[in-house]
Amino acid sequence: MSKKIRVGIIGSQFISHIHTLSLKRCAQAEVFAVASPTPGHARTFAAKHEIQHHFTDYKELLAAPEVDMVIVGAPNDVHCSITLDAAAAGKHIVVEKPLCLNLADANRMIEACRKAKVKLMYAEELCFAPKYVRLKQLLDSGALGSPTLLKQSEKHNGPHAPHFWDVNRSGGGVTMDMGCHAIEFFRWLLGRPTVKSVYAQLGTHVHNAKTEGDDNALILVEFANGVIGLAEESWTKLGGMDDRAEVHGSKGVAYADLLHGNAIETYSAEGYDYAVEKAGSTKGWTFTIFEEEWNYGFPQEMAHFVDCVQNDKPPLVSGEDGRAVLEVIFAAYESARTGRKVQLPFLTNAKKPHDLWKLKQ
Amino acid sequence: MSKKIRVGIIGSQFISHIHTLSLKRCAQAEVFAVASPTPGHARTFAAKHEIQHHFTDYKELLAAPEVDMVIVGAPNDVHCSITLDAAAAGKHIVVEKPLCLNLADANRMIEACRKAKVKLMYAEELCFAPKYVRLKQLLDSGALGSPTLLKQSEKHNGPHAPHFWDVNRSGGGVTMDMGCHAIEFFRWLLGRPTVKSVYAQLGTHVHNAKTEGDDNALILVEFANGVIGLAEESWTKLGGMDDRAEVHGSKGVAYADLLHGNAIETYSAEGYDYAVEKAGSTKGWTFTIFEEEWNYGFPQEMAHFVDCVQNDKPPLVSGEDGRAVLEVIFAAYESARTGRKVQLPFLTNAKKPHDLWKLKQ
Amino acid sequence: MSKKIRVGIIGSQFISHIHTLSLKRCAQAEVFAVASPTPGHARTFAAKHEIQHHFTDYKELLAAPEVDMVIVGAPNDVHCSITLDAAAAGKHIVVEKPLCLNLADANRMIEACRKAKVKLMYAEELCFAPKYVRLKQLLDSGALGSPTLLKQSEKHNGPHAPHFWDVNRSGGGVTMDMGCHAIEFFRWLLGRPTVKSVYAQLGTHVHNAKTEGDDNALILVEFANGVIGLAEESWTKLGGMDDRAEVHGSKGVAYADLLHGNAIETYSAEGYDYAVEKAGSTKGWTFTIFEEEWNYGFPQEMAHFVDCVQNDKPPLVSGEDGRAVLEVIFAAYESARTGRKVQLPFLTNAKKPHDLWKLKQ
Amino acid sequence: MSKKIRVGIIGSQFISHIHTLSLKRCAQAEVFAVASPTPGHARTFAAKHEIQHHFTDYKELLAAPEVDMVIVGAPNDVHCSITLDAAAAGKHIVVEKPLCLNLADANRMIEACRKAKVKLMYAEELCFAPKYVRLKQLLDSGALGSPTLLKQSEKHNGPHAPHFWDVNRSGGGVTMDMGCHAIEFFRWLLGRPTVKSVYAQLGTHVHNAKTEGDDNALILVEFANGVIGLAEESWTKLGGMDDRAEVHGSKGVAYADLLHGNAIETYSAEGYDYAVEKAGSTKGWTFTIFEEEWNYGFPQEMAHFVDCVQNDKPPLVSGEDGRAVLEVIFAAYESARTGRKVQLPFLTNAKKPHDLWKLKQ
């Protein structure tokens, strides 16, 4: 049996907990260290998850020779710099979505990893979510005929951490935060054909006081093969996270509901501990999810990358995929401003997607 | 008790059967006559529904002084001429959707009825579908807060009669045939605010051999109050008719499924008589609907117009509403060609919506 | 057109409102009078429903020659005496379920109506509920093969009026109040074969402080043809009324959910007017029903009996059916005491079903 | 890291494949050998799953000193003898449900394992099914108040292997085969209180030509704490496996559907590879399950026992639990014959459960 892969966690918030819990299920991995700049965060995180080492400066983590790979769960605006440093330190890298703030940074990250001969995975967990994996099998098997329309949506009532509301750190609103899931989901489901054009309708309907980013989005992705992807995203949907997909084809149709569909239908007069991410109250009727991380594919995703590192395999979702998603996001914001379908490839020097939309106001 | 309202049915196909069955449930109405140009159709229809009179020329029907009102269920391209004749004959008129082929015709119809002092109802049955009526009550009551996004979709595997495939008779494909439902549904649900812009993605994905009309459509209707309506229509969806709506608001969300949701979940090894409109086979799993017409609101719609005629009330859905829907449809086809959001009001001399899209090819 | 049937409502509580609303939808009926002994109740009821006449003594109502038929919605313990009086007055009669408290009374009621040549309908509305009517059609058509198991359940958190908790007035707990629905539903669905035996498991799990009646019941009805009916009833189920049925057969299976299934799935942060009978709070997730009475079949049931009276037809559900249900209920209580399957016919002189169970304690 | 646990598989049919696939997911286990008496079966099985050793005589497998534990997936009638041999050989043992054919054998098995100081697990996978584990957490947390009624059902159209139809080998029909799941599920969910009484309604409705065993069963388990468990089992249900549970309590209710609920709702005109266990055709509408074994809890169950062996922990489900289930099954068959509620403890010398029912005929 090969030696265990030692992992460094960079970040200590919501997604880093999920990454860590997922890695703990992977017999081939060992979570070795965690780094977070906010004083105390890394220590608390390490204590909670029984991780041996913790740092406030992620560079110290990168300096540890034991560390084979890192998972970057820090805010979007530091994805690029951390990745460049990690590549320079010779660590394999998983970058949480979205890849980074702009296309130039994306290019730099991909190039740095290539040169350093380290693996770079773009962390799109939906490509590992077991229900969606089965959905792709259905499509690939011909059960649904030729696809005509794909749909995917994620909806909840707003992000966990304050930096998401600040477009300078996040790069954009719900399109950047959750639209990225749908875009890569469509690409993966179809075997990654070329995107031909993008149209987007974005709005800030509810959270205007908190952000200038979009809190509701409809994004139409037109593929070269004629298939349309309809992404529907929201930061204003109450009642708990919603994550659904549909595949419409010439010979059939399939509906996959990741959370609500799988849940235990529960009525509790008193309420209880937890129903699902962002459920709000658990009194009355709720849809109780089970094994939430597993249903999203996080443990499977982490086990996949550990296997890639251990056995020198290419990751299922690459830095190039992350860059392609980002290009579609830029086109979406451009479209939202102009009211036009934007053709791809779409090259722009904009520092972040939101800038293209902001020109409007 | 006032005297019964005598009704003339113009048309003898799918929708005319539904209109007749619906009127038969209405104690205040009597179906007096039916007219259809195809030899034998009117006679067969009259026999089946026990209607006293039948004509091959609708003008004979209009000449009958007993007839108080007519229901126009003929193909789209003759809606206008029949309506003009019926108005001239002093009959109250229900016109099946869509109102007619172009805006000039719509103006003529509205004007003719106004001058003749006859009532004109645009037959959008979704405004009478009991589940959708309850949905509107929920929204109006504030249960969902301020609306942000409305969705409505109708999907099946293609129209009943051949003239729908011929854009010269139908005026357009699925956007014209079924998109019209969603557009009026949105307007009605919101209390008929101004439409600000329209964007549409149309395609002919499956039925290219049969039609040059669109068989799949996504239509984004932006209202002046910022609410977005997303209409999703298909003529390529197998497994039976699908009719759903959602209302997303700042304080809640509601999901209404008219057919699939209400159905009896059935497994039959042998199959049986009928599951739902266009279900295909009834072997294996199916979703058996009950009281299909009632669930769509047809009897309620007919009873409403009979009441309007009997008691001199304005119809809930007017000729002006039908015209407004048509304007949105023209804008949708224009948008599909140009890849741009089209602002309203949108004036055009095009003879039919499909013409604006056809310019593309 | 025949003259309208004039109806007298006896009772002014929950079910009498439903009966009245249902009759108002029936063009052939006119609600002529209401009677209720509690001072003021009949007057308020009459005002609310715009009924011309109201009485505190139902005998005055029976004395009105205009009244063609009465609907008895009074407490169970007066069903018999009112029916005897109404028959003596020559009125056609609908008796709300259960028919009465004991078999001797049932015999008297049936005999009295027979002699007086008035029609007697036992008001089992589930035989008119449109989804269940469709379910019966499926079974009758052979879609499901030979039936093996039928299931029906009604569950809510307890009755509307205090007299239900008093077994001396109600005759029994949830088995008497709601089990009666399932028993007649099974008989009707199967074409009323002989009941061979009954087994029941009854308990008072939650409402011991309020009643000595059963608040949860499982009743197994074995038919002569080998089919098993499983009735599941509860007065302790929170979250709104539940009304479901299943038919399992050798060639298929069908699941019909009358309320939850049909509902609009709603999330409301603020709550709203009404979700469904006994829903409790409407904040958070709820299942919003629409046209509740119609879905239960009440208007259809009333229209049916009005038609029976007007056109001299036999009611779909007779006094004999009500008596047969009562016999099964007696057997169920006997079984609950003895822990044995009770064979039918089951003759007993018990004054009410609960007495057979009470012997236990 | 402790050394891997080496596993011997005894059996080569349906359930042994599942056990093997589940063990392959467990990093701490190694499937070392398989034994099956039918010539060629073990070899084919070993080839398919890449297992090093295969035997036609399970005693040779038991003789291998490398084997730490065995999984007995052979027919019911040999569970006892294999277990006794395995215990004598010093192997830890998992016995597939039901534990064995009679109580005397159960006693022998438990005693043999006790004396040999080997662990004995009764393989009730539902106690590991993630949705049901979450359901138990809900109940334990007080979310539903005090339980009143538990329900669990498993339904499909009949067993995989011919020996199930032969009551001499299986011990009984669907009550033995699938009722055992519900019985242990109830015990586990409630923390294993004493069973007070059992009532059962059994029948052979469809498969009379194939078996004298019961093919439909309703079993009422009354616990000492007053909670009722309703088990509903069928070997005649078409359309794919059904596995559901409900918990009704004084403060709430929860509905958990293991398969149908979780599935992708699929329509395929052409059909596809696999929807769910025993689905029949995959044309038309189907409910496509994903990660079926995981959803049932098989990998979790196997990992649990491997952990028990490796770290000397007691199994969650013991031989005593398997015996308790068997006692309830005997009482159920006795009840089905007598039409009476049978009190527990229920001692019997019957050689197999079916014998008690057979006395009837």
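Letters A, B, C and D name the chains as they come in the text, with residue numbers starting at 1 for each one.
The criterion applied here is as follows: a contact is a pair of C-beta atoms (placed from the backbone, for glycine too) under 8 Å apart; a residue touches a chain by one contact, two chains touch by 3 or more.
Just so you know, these numbers come straight off a predicted model, no measurement behind them.
Of the two interfaces, B-D and B-C, the higher number of touching C-beta pairs belongs to B-C. Among the remaining chains, the Cα-based centre furthest from that of chain A is the centre of C. If you average the CA atoms of chain B and of chain D, the two centres end up 54 Å from each other. Distance between chain centres (mean CA atoms), chain B to chain C: 39 Å. Under the contact definition stated at the top, the residues of chain A that touch 2 or more other chains are 238-239, 251-253, 267, 269. Those residues of chain C lying in contact with chain B across their complex are 27-28, 130-131, 133-135, 138, 141-145, 251-256, 261-273, 282, 288-291, 294.
Interface residues of chain D, counted against chain B in their complex, comprise 238-239, 267, 269, 280-281, 283-287. Those residues of chain C lying in contact with chain D across their complex are 146, 148-149, 197, 199, 201, 203, 205-206, 216, 218, 220, 222, 226, 228, 230, 232, 234, 236-239, 248, 250-253, 339-341.
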